[in-house]
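Take a look at the structures listed below.
Both complexes shown next keep chain A, but they swap its partner, so chain B is in the first and chain C is in the second.
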Partner chain A sequence: MMNLNPLTLKKINRFKSIKRGYYSFIIFILMIGISLFAELIVNKRAIVVKHEGTYYFPTYGDMIPGTKFGLDYDYETDYRKLKTYFKKQRKGNWILMPAVPYDAFENDLRVDQYPPFPPSIKDRHFLGTDTVGRDIVARLVYGFRYAIFFSLILLAVNYTIGVSIGSAMGFQGGKFDLFFQRIVEIWSNVPFLYVIIIISSIVVPSFFMLIVIMSFFGWMSMTWTMRTITYKEKAREYVLAARAMGASTSRIIFRHIIPNTVAIIVTFAPFSISGGIVSLTSLDYLGFGLPPPTPSWGELLHQGWSNMDAWWIAGSVVVAMVVTLLTVTFIGEAVREAFDPKMHTTYE
Partner chain B sequence: MTVKRIMNNLFNIRILFAGMVIVCLVLSGCGESEHNEKTGIQSVPEKQINKQTDSIADIPKETLPVGIKWITNEADPVFASPEAEKGGTFRSSIMSFPLTFRVVGPDSNSSFRSAILSNQLGLIGIHPNTEHIIPELATHWAFDDDKKTMYFKLNKNARWSDNMPVTAGDFVYTLEFMRSKHIVAPWYNDYYTQEIKKIIVYDDHTLAVVAAKAQPDLHLRVGISPMPGHYYGKPDKEFVGKYNWKIVPNTGPYQISDFKKGKYIKFKRKRDWWAKDLRYFKNRFNVNTVIFNVIRDYNMLWEYFKKGKEDIFSITIPKYWHVKTKIPIVKNGYVHRIWFFNDTQRSAQGMWLNQDKEIFKDKNIRYAFAHAMNINKVIEKVLRNDYFRLEHGFMGYGRYSNKQIKARRFDLDRVKQYMKASDWKRGTDGIWVKNGKRFSVEVSYHFEEHTPRLVVLKEEAKKAGVELKLLKLDASAAYKKVLEKKHDVAWMGWSTSLRPQYWEHYHSINAHKPQTNNITNTDDPEMDTLIDAFRNSLDEEERIELSHKIQMKIHEIGAFIPTFMVSYVRQAYWRWWKLPDVPGTKMSDSLFDPFGSGTGGLFWFDQDVYDNTKKAMKKKETFEPVTIIDETYSIRKCKP
Partner chain C sequence: MSKTSILEIKNLVTSFDTENGRIRAVDDVSFNVKKGATLGIVGESGCGKSVTAFSIMRLLPQPSGVIEQGKILFDDMDIVRLPADKMHEIRGNRISIIFQEPMTALNPVYRIGKQLGEVFTLHFPEMTDAEIHSESVNLLHKVGMPEPDKRLTEYPHQISGGMRQRVMISMALACKPDILIADEPTTALDVTIQAQVLELITRLQRETGMSVIFITHDLGVIAEMCDDVVVMYAGKIAEKAPVEELFKNPGHPYTRGLLSSIPRLENPGKIKLSIIKGMVPSLYELPDGCRFQNRCPDAEDICKTRIPEMKKVGDNHFAACHFPGKIPSPAFKPLQANDLKVDPPVNKTRESENFLTVSHLKMHFPIYGGIFRRKVGNVYAVDDVSLTIKSSETVGLVGESGCGKTTLGRTIVRLYKPTDGNIYFGRKNITRLRQKELRDYRRNMQMIFQDPFESLNSRHTVGDILEEPFIIHNVGTPDERKEEVKTLLYKVGLPEHAATRFPHEFSGGQRQRIGIARAIALKPDLIICDEPVSALDVSIQSQILNLLMDLQKEMNLSYLFIAHDLAVVKHISDRIAVMYLGKIVEFTDADTIYKKPLHPYTRALISAIPIPDPCIKGEKQVLTGDVPSPVNPPAGCSFHTRCPVAIDKCRSEQPLLLPVPGTAGTEHLVSCHLV
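Showing the complex of A and B:
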C-alpha cells in the first residue's frame, strides 16, 4: 500500500472535486487503455476463429496462413473474406471480428472506385478511409498510441534531464549556475525545428531517435523553474539539517529538494504532454516525423489538408486532436489548481 | 547540340511537376551521367570589347576537301500551324529563382537553364517526328567517310541578338571556351576535349567539326551550338562571378528582357529574328512576351492558375485530371483540358536493386523480389489505370528497343519457387527467412506523392513474404545515398537521351564505386563485352542488334524492376490559347513549351477569344466544356 501523506491525499481529493479535470482524467486514462488493447478492437485479424473444432486466437500470435483454414494461399489469412466463406460453408465454423475489422496499414481498394471512401457503416469504415484506402479509425487509434507514448516518454526524458540540471544549477549556484545559464540560453536559441528537419532529411528517424532528438532540444524549459525553486528550497532549514547530518549533494537534491518540488513539476506535466503530441503531429504533418506508413495524426492532417473535399479525413483528425488536447489541458488545469498551495483561487 | 536541346525541351520546367513520372529529373539533373549533358552550352551576356573579331582573322583557314556531298532537308513535314498569329503574353512559372544565368560552371545546372539553352540554336536540329536532321544555324551539312568529321555550311543570315553575324570563328571560340579551366565546368572541359577534337575553318561560313573518335550517330555529338566570342572575350579567372547575371547574346527566338531576382524573369520575342521564316521555324514562337513568375508551392500554383494568373497547368497527375479539374472554370468551358499521347524515350522508372547487398547477390532472390511487386495493382487501384506498365528500362527508343521483353509480373507461385530454390523458408510472421535473416529490404525514395504507391506495394509484398521498409528521404539525401550505393532498393528513374545509354548504368567499370550511375552494381563480363561492342560499333544495324541483346541481358540479370511509364502529357489551359490541329509532336513533353527549338513554340494567343472569354466570364455566360484527347502518336490506345 502506498504511503500517501495527508497533504498529498488532500491534493488528490481536491483534484477529484474538480469535476471537469477529474472526468477528463478518467477519459484520458480510458483512451490510453483502449489504445493499449487496440489490437482487439481495431484489427484485420480476428479475435477468435473456430475452425473444424479448434479455436484460434490470431490477434497477438504469429501469422496464420490461409491454408490453415482450407484456403488456397499461404500468405496471411484475410479474415473478413474468411467470415463470408464460413457463412457460405455452413459447417459450424465461425469467426469473431473486432468492431473495426481493419488495421492501420492495409489498403481497402475496390474496383472502379478510388479512395478516399466516405464513412460507411456497411463497410465498417466508421470514419471512412484515407487517400490510399486505409481505415481512418484504425489510423487514429494506432496514431494516438504512438502520439501519447511518444509524448509520455519525451516528458520523462525531458524532465529527468531538465530537473536534474535545473536543481543542480540552483543548488550549486555560483559559477556552475552562471555557466549552465549561458549554455541553456544558447541552446534555447538553436532553431530546433530546422535542426530536426535537417536531421530527418538525412536519416529517417525512428520512434526513439525522434525522442532523442526532441529531448536534445526540449530539456531546457524545465531548468529555469527548477533552478528558482531549488534556490528557494536550498535556504530552508531541512536542507541545512540534512547537510549537517552528512548527506551528499546528490542525496540532498534527489531525496530532499526534488520531492518538495514535485507539486510544481506535476503541474507542468500535462501541458508538456499536449506539447509533445502537438510537436509530433506537426513534424508528421510536415513530413519529417515518423517514417511512412506509420499511422500518425500529422500525416492524416496533411492528407486532409490536400483533400479538403474528403471532409471526413480532416474532420476526424481535427476532432480527435481537439478532444485529446482538451482533456489533457483540463487535467492540467485541475492539477495546477489542486496543487496550488495558496488555495486562494477558486475554480469552476 | 541537338540532342541536348531536345532534352532541354523535355526538361521544361513545368514538366518537372508534370511528371511525377519523371521522378528523377532532379536526380539526373545533377548526375555525371554520360548523357546528362551531351550537349551544347551557351549563353550569358554583356557588352564587351570585341577581341574576338581580331582572333577570327588569325584562325588558319584550310581548303575544303573536294567531293563533299552537301545535304540539306527542306522536305520533311512541318509541324507548326499556318493559322498561328503573333502576339500575347504567356505567363508561366518556376519553382525557385535560378542561382545564376550562366549555363556553365557552378550552380548553373538548374531546371531554368533549359529556358536559356533553348534560345541557343545548334548547327543542326532533329525533326521531332521523323528524327531526321534539319537545319538550324547550318543550312547544309555533309559527312566525311572517316565517320569522325562532319561539315557544315552556316546560314549567312544567322545573327546574334546583338546583331553580330554568326561565323565559323564562333565555333572555334566555343572549343577554346569550353576547354578553359576558368569556366569551372569539368564536365564540359572533358566533353570538349575527349569528344570533340577540333574545329576546322574553311571560310567564315564553312566549317567542320571533328570528333575524337569515329562513331555512329555522329550528328548527335558534333552539332554543337556556338558561344558568342565577340561578347565574352578570352575567359579569365573572373568568369564565374562576372557572368552570373549577364544576359548573353543568343541566336534563338527570345531573349531575356527584364528580371527581378527572386520574383520573375521576362523574355521578349525578337521581332526580326533571323530564322523566323526558315521552314521548320515558321509559324512558331508566336507569343510576344513570356514571363516566368517564381511560385514556390505547387498548390499555390494551382490557385494562381484557377484565378487566371497563370496560363497553363500540368494535370498529368491522375488526381488533377480526374478530381481537381472538376471545377467551375473547366465546367464552364473557360479552361480546356488536353490529353496528348507522345511517343518518346521512356524514363527508366523503377526499383533498382543493389547487387552489392548480400541478399541481392542471389539471382533467384532478385527474380522473386520482382515477382513480389504488384505493380499492376498499383496502376489499377492507385493510378486509375492512367499509367502503363514499363516493360523494361529502354522503351521508346524506336528500333533500339527490344519489344520482346516483358517485365516480371506479380506471381506468388513464382516467388515461392525461386525462394525455395535458394533454400529460404517462410518465417512465423510470413516473411521468408534463411539462417535467421529475413527478406526485409529498405526502399529509398524521396517523392511524397509516391508514398501511396509504395504503401500498396508494401502490403502486397507481404503476401509474397517480402517486407519493404519505406525510407522517404529528402531529394538530395536520397540522391546521395543511391550514388554512394548504400541503398537496398532505390525507387527512382533516370532522364533519357536519344539513344540508350548502357555503359554508365551497366558496365562493370562503374560498379562497386560511389558516384557512378551503375546503381545496381551490375558486374557481368558478358554484359561488358556487349556494351563495349555496342559502344565501338559504327554500324547502325549491328548496334540495334546489340542493343536488343543488352536489354535482354539486363532483363536476365533482373536487378531493375521497371514500374510505370506515362506515355502522354496532360495539361489544362485557358481557352484563348490555341494549338495546331495535331497539338504536338512525337517528342513533345509539353504542348506549351515556349522556346524549345525542337518541339516548342507551337501554340499561339487568340486576342478575340481572350476578349470574348473575359466578357463572358463577367456576364457569367458559359461555353461548352472542352477535353481534347489526341492519340496521333499514341503507342497504345487508351480509354478516355
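Showing the complex of A and C:
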C-alpha cells in the first residue's frame, strides 16, 4: 500500500496552489496525452469507416488495401479520396476522418503548385505545409512526441547514472570521490557537439543511439548535486542510527539516503526536460539529429529559417517551442517553490 | 506610565499568517518592566516567549507577522505605532537584544572589530575611527574578553561560543541601552560558560542600571537572575509574580508542574519525577476555555468552557487560573519523604558482573593538512578511558561539550574504529571485529540519539522505522514484525495508529519515544543514551526520564547515559563518570559525586548549575576560560589551565585515575594530584 507522506501531500497541495505552474502542468500533461493519441487526431488514416454495413477502424493495425472498399488498387487506401468517392456513391457508406487528415510523412503535392502552401482551412492544412508539402500540424505533433519522449528517456538514463555515481561519491568519500571528481571534470570538458558531429558523420544516429550519445555526456551534472546532498545526508543522525542497528551500506544508501534526496532530484527534473527538448531541437536544426524524414522541430526550424517568406513555418514552430518550454519552465518554478517554500520574508 | 516602569506592554496580540490560517502566537499579554530590574519570561518552546521579545523590537518576519492589537509603551512612545525610521533609532540604541545562537548571530565574513564598530557608526556617525577602536577595546574589556586588541582583528569562527556570546553582549551594550532583551542567551552554552555569561550580565546590569528582559526555559536561571517572572503558556500569560513569591507559592498549576518536574541535585536519584502529562496544545487547535486544561490535574468543568482571567493571588502576584493557589493536587506535590524510597537494585547477584569493560580506549582522529594532505596532527577525542558498566546499571557520563562524551559512546558501539585499547562485551573483545561480525553484537547494543528530529528518517513511517531492526537482523515474519511494532509502541506509550504516520507528525517528546522504541526493539542489554533529553522541554524531559527508568526495570537494561546536565545525569544514574578533554577525571557513584566531589572540575560543574530556588544564592565557583582544544591538550593535568587550585606539579605531570585513599567499600576514582 502506498502511504503518501503527508509532507509530500502538503507539497502537492502547495504546488496546486501556485496557479501558473499548476495550469502549465495540466497543459503539459494534455500535450503529452494528445501526442500519445496523435493517430486519432492527426492522421491520413480514417478513424471509422462504414462500408457495406461493416465498421472498420483503420487507425491502429495493419493497412487496409483499397480493394477492400471496392477501389481498384492493392496498396493502402487513400481515405481522403475514399471520402469523396463515398459521397458520390450515396450508398450509406460513410467515413470519419481525423481533424487533420494528413500524417507527418506524406507530401501533399498538387498540379501546377509548388509547396510550401499557406494555412488553409479548406484544405485542412491548419498551419500550412512545409517546403515539400508535408502538413505542419502533423510535423509539430509527431515532432513533439519524439522530443518529449526523447527528453524523458534521456532524463531517466542521466539521472540513474548521475544519482548512482553521485551518491556513491558522496558516501564513499576519500580517494573514490577524488577520482570521480576529476573524471567528471575532464568529461565535462569534452566538446560534446563535436563528438556528436563526428559520430553522426560515420553512422546515422537512431533515436536510441542519440540517447546513448547524449547521456554519455549528460550524466555529470547530477553527480555534483547528488554528491553534495549525500555528504550532507550521511552525516545526519538517522544514518548513524541505521548503522548502529547494523544496516549494510547498500541498505543505508538505497533505503535511507536516496529517499531523502528525492525532493531535490524532482526540482531539477523539469529543467532537465526542457534542456533535453532544446538540445534535440538544436541537433536537428544543425542536421545531426534524427535522420530525415523523422518529424522534428529542429528540421522545421531550419526550413523556416531558409524560407522566411513562408512565415507560417517558422512562426508555428517558434510558437510551439515557446509554449512548450514556457510550460515546462513554469512547472519547474512551481515545483521548486512548492518544495522549498522559504517565504520571502523581510524585516523592517 | 508610572515612574518605576520603563516598558509597559498592554494587551499585546501578535499573529502570524501561515498556510493553515492565522495563528495568535502572543495572545493578550500585558506586563511591566521595572527600571533597573530583571524580568524573566519562562515557558516551554512554542509558548510565545521569543515572539513577545521580537514584538518589542518589532523584528517580526514580514509580511506574515503582525502586531494585531495592544500597546508597547516605551518612554511615552507606543512602539507598535512608531514609524520605521524612528524605530531604527530605538533598536540597538535604547533597546538591545542578544540572541540564543551566538554561532550564527555574528556575520562570519567580517572581523569582530568591524561588526562591533558598526554599532557606533550607525548610532554615532560623528565618531572617528580611532575613537571607535578605543571604544571597542573598552567594551570588550568590560565583558571580560582576554586580549581585546587582538580579538578585534579576528573572525567569529576563531573564537569560542562563550566568547562570541560576550561579543554579542558587548555589541548590545555599545549604546548603553535602557533595556536589554536576552533571548535564551545561555541555552546553547555549557553550564560553566553559562555561569560566566550570567555573572557578566548581572555585573553589567549593576554597573549601568539597565533593565533586562530575560527569556529562558530554565527555572534555575530564572531563580538566579530575575526579580519578576512572567510564566507563559500557549501564547498567554499563565502567571506573573516576584521571583521569591513564584517559587514559594506558585499559583498556576502549570508553574507548579514545571517546578516539580525538574530533576534536582539534592534529591536522591532513580525516583520517578512527577510529570505534566501531554504537551503544549498546537496554536492551530486551541481548546475552548483554559489552554492548560488537558494537562491540568485539577481541571474542572468551568476550565473547559471559560478562559480564566488574571486573578490576584498575592502582592503583585497574578495567575490566570479559575482556582489560583488551590491546594496542589498530589500529582504536583513537592516530593515527600516516603516517595523517596529507592527501589532496591534488581538482580543483586548479577550486579558484580561487569558486562561491558572498556580499557584504555583511545580514539584519535587524524587531521590532514598542507598541499599533500599529510597527517599534521590528531584530535585526541577520547584519550585512554577505562570504564565498566554492570548489568542493569546506569552509568552517567558528564562533561562540557567537546570533551569527547559522544565520541566515547559511539566508539563503544563501534561506530568508529578505536585507535587503541579494548572493549569487552561480556567476555568477547569486540574492539577489532569486522563489520559483518559486529552485526550480531549490534543486537545487544543500541543507541538513543540526542536530536529526535534528526535521528528518524523523515521518509519512513514510524512502522517502517520500528520494523527496520527486525528486517536487518532477519527476525520473524512480516506479520510477527507488525505485532512486535505494536508491542513496542505500547511499551513507550504511543498509540497503535502511530505506526502508519510519519515522524514529523509527532512532537519532540513523542519522537524521542519512537527513538527509544527502536533502540529496545531487539531487546538489547546495553543502550547508549546520547543526550536523549537535552533537546526537550522540561515537562517532556521528565516524561522521557521516567520512561527510561521504567524500561530499565522491566527489561534489565544497562544504560550509558551521556549528558551535559549534571542534575539530569545524577537523577538517572547509579554511577557517574566526569569527563574532561578525552579523559575521565572522576568516577564514582551518583550520590558521592554530589555530596563529596573531589576533582576541582566536578566541583566547578556542580556549583555552576543554577539552582531553581531564589532563596539559595550560594557562592559560585565560576570557571574561567574555555575547554582547551583537544588537538593540543595542555601538558600535565589537562585541567590545570582552568583549575583554581593548580600547583606546579599539575603543569608537568599527568595525574592518574586512582582510587581515593580511605574510601573503602565504595569505589571512588579521581585523577588529581591534590587528592
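What we mean here is this: the second predicted complex is superposed on the first by the 338 of 348 C-alpha atoms of A that agree within 3 Å, B and C clash if a C-alpha of one lies under 4 Å from a C-alpha of the other, contacts with A are read in each partner's own complex, and residues count from 1 in each chain.
Here, a residue touches a chain if its C-beta (ideal position, glycine included) is under 8 Å from a C-beta of that chain, and two chains touch if they have at least 3 such contacts.
Keep in mind the model is a prediction, meaning the values are calculated, not measured.
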(request) Evaluate whether chain B and chain C can sit on chain A together after superposition, giving fit or clash. (result) fit
(request) Would you check which partner chain A:I186 touches, where first means chain B only, second means chain C only, and both and neither mean what they say? (result) neither
(request) Kindly classify A:A244 by the partners it touches after superposition: chain B alone (first), chain C alone (second), both, or neither? (result) second
(message) Just checking: does A:L109 make contact with chain B only, chain C only, both, or neither of them? Give me first, second, both or neither.
(response) first
(request) Pick one for A:E76: touches chain B only (first), chain C only (second), both, or neither. (result) first
(message) Going by the contact rule set out at the top, does A:R14 touch chain B (first), chain C (second), both, or neither?
(response) second
(request) Name the contact category of A:V195: first (chain B only), second (chain C only), both, or neither. (result) neither
(request) For A:G287, select first, second, both or neither according to whether it touches chain B, chain C, the two together, or no partner. (result) first
(request) After superposing the two complexes, find the smallest distance in angstrom between C-alpha atoms of chain B and C-alpha atoms of chain C. (result) 47
(request) Share the list of chain A residues that count as touching for chain B in one structure and for chain C in the other. (result) none
(request) Mind listing the chain A positions that touch chain B in their complex? (result) 62-63, 65, 73-76, 105-107, 109-110, 114, 131-134, 201-202, 204, 287, 291-293, 306, 309
(request) Sort out for me which residues of chain A touch chain C in the complex. (result) 3, 5-7, 14, 236-238, 240-248, 251, 255-256, 259-260, 262, 343, 345-348
(message) For a test of understanding, state which residues of chain B touch chain A in their complex under the given definition.
(response) 299, 322-323, 377, 381-382, 384, 412, 416, 426, 428-430, 448, 451-452, 454-456, 458-459, 462-465, 469-474, 477
(message) Under the stated contact criterion, what part of chain C meets chain A in this complex?
(response) 19, 58-64, 84, 87, 410, 413, 415, 438-439, 442-443, 445-447, 449-451, 454-461, 468-469, 472-473, 500-502, 504-505, 515, 518
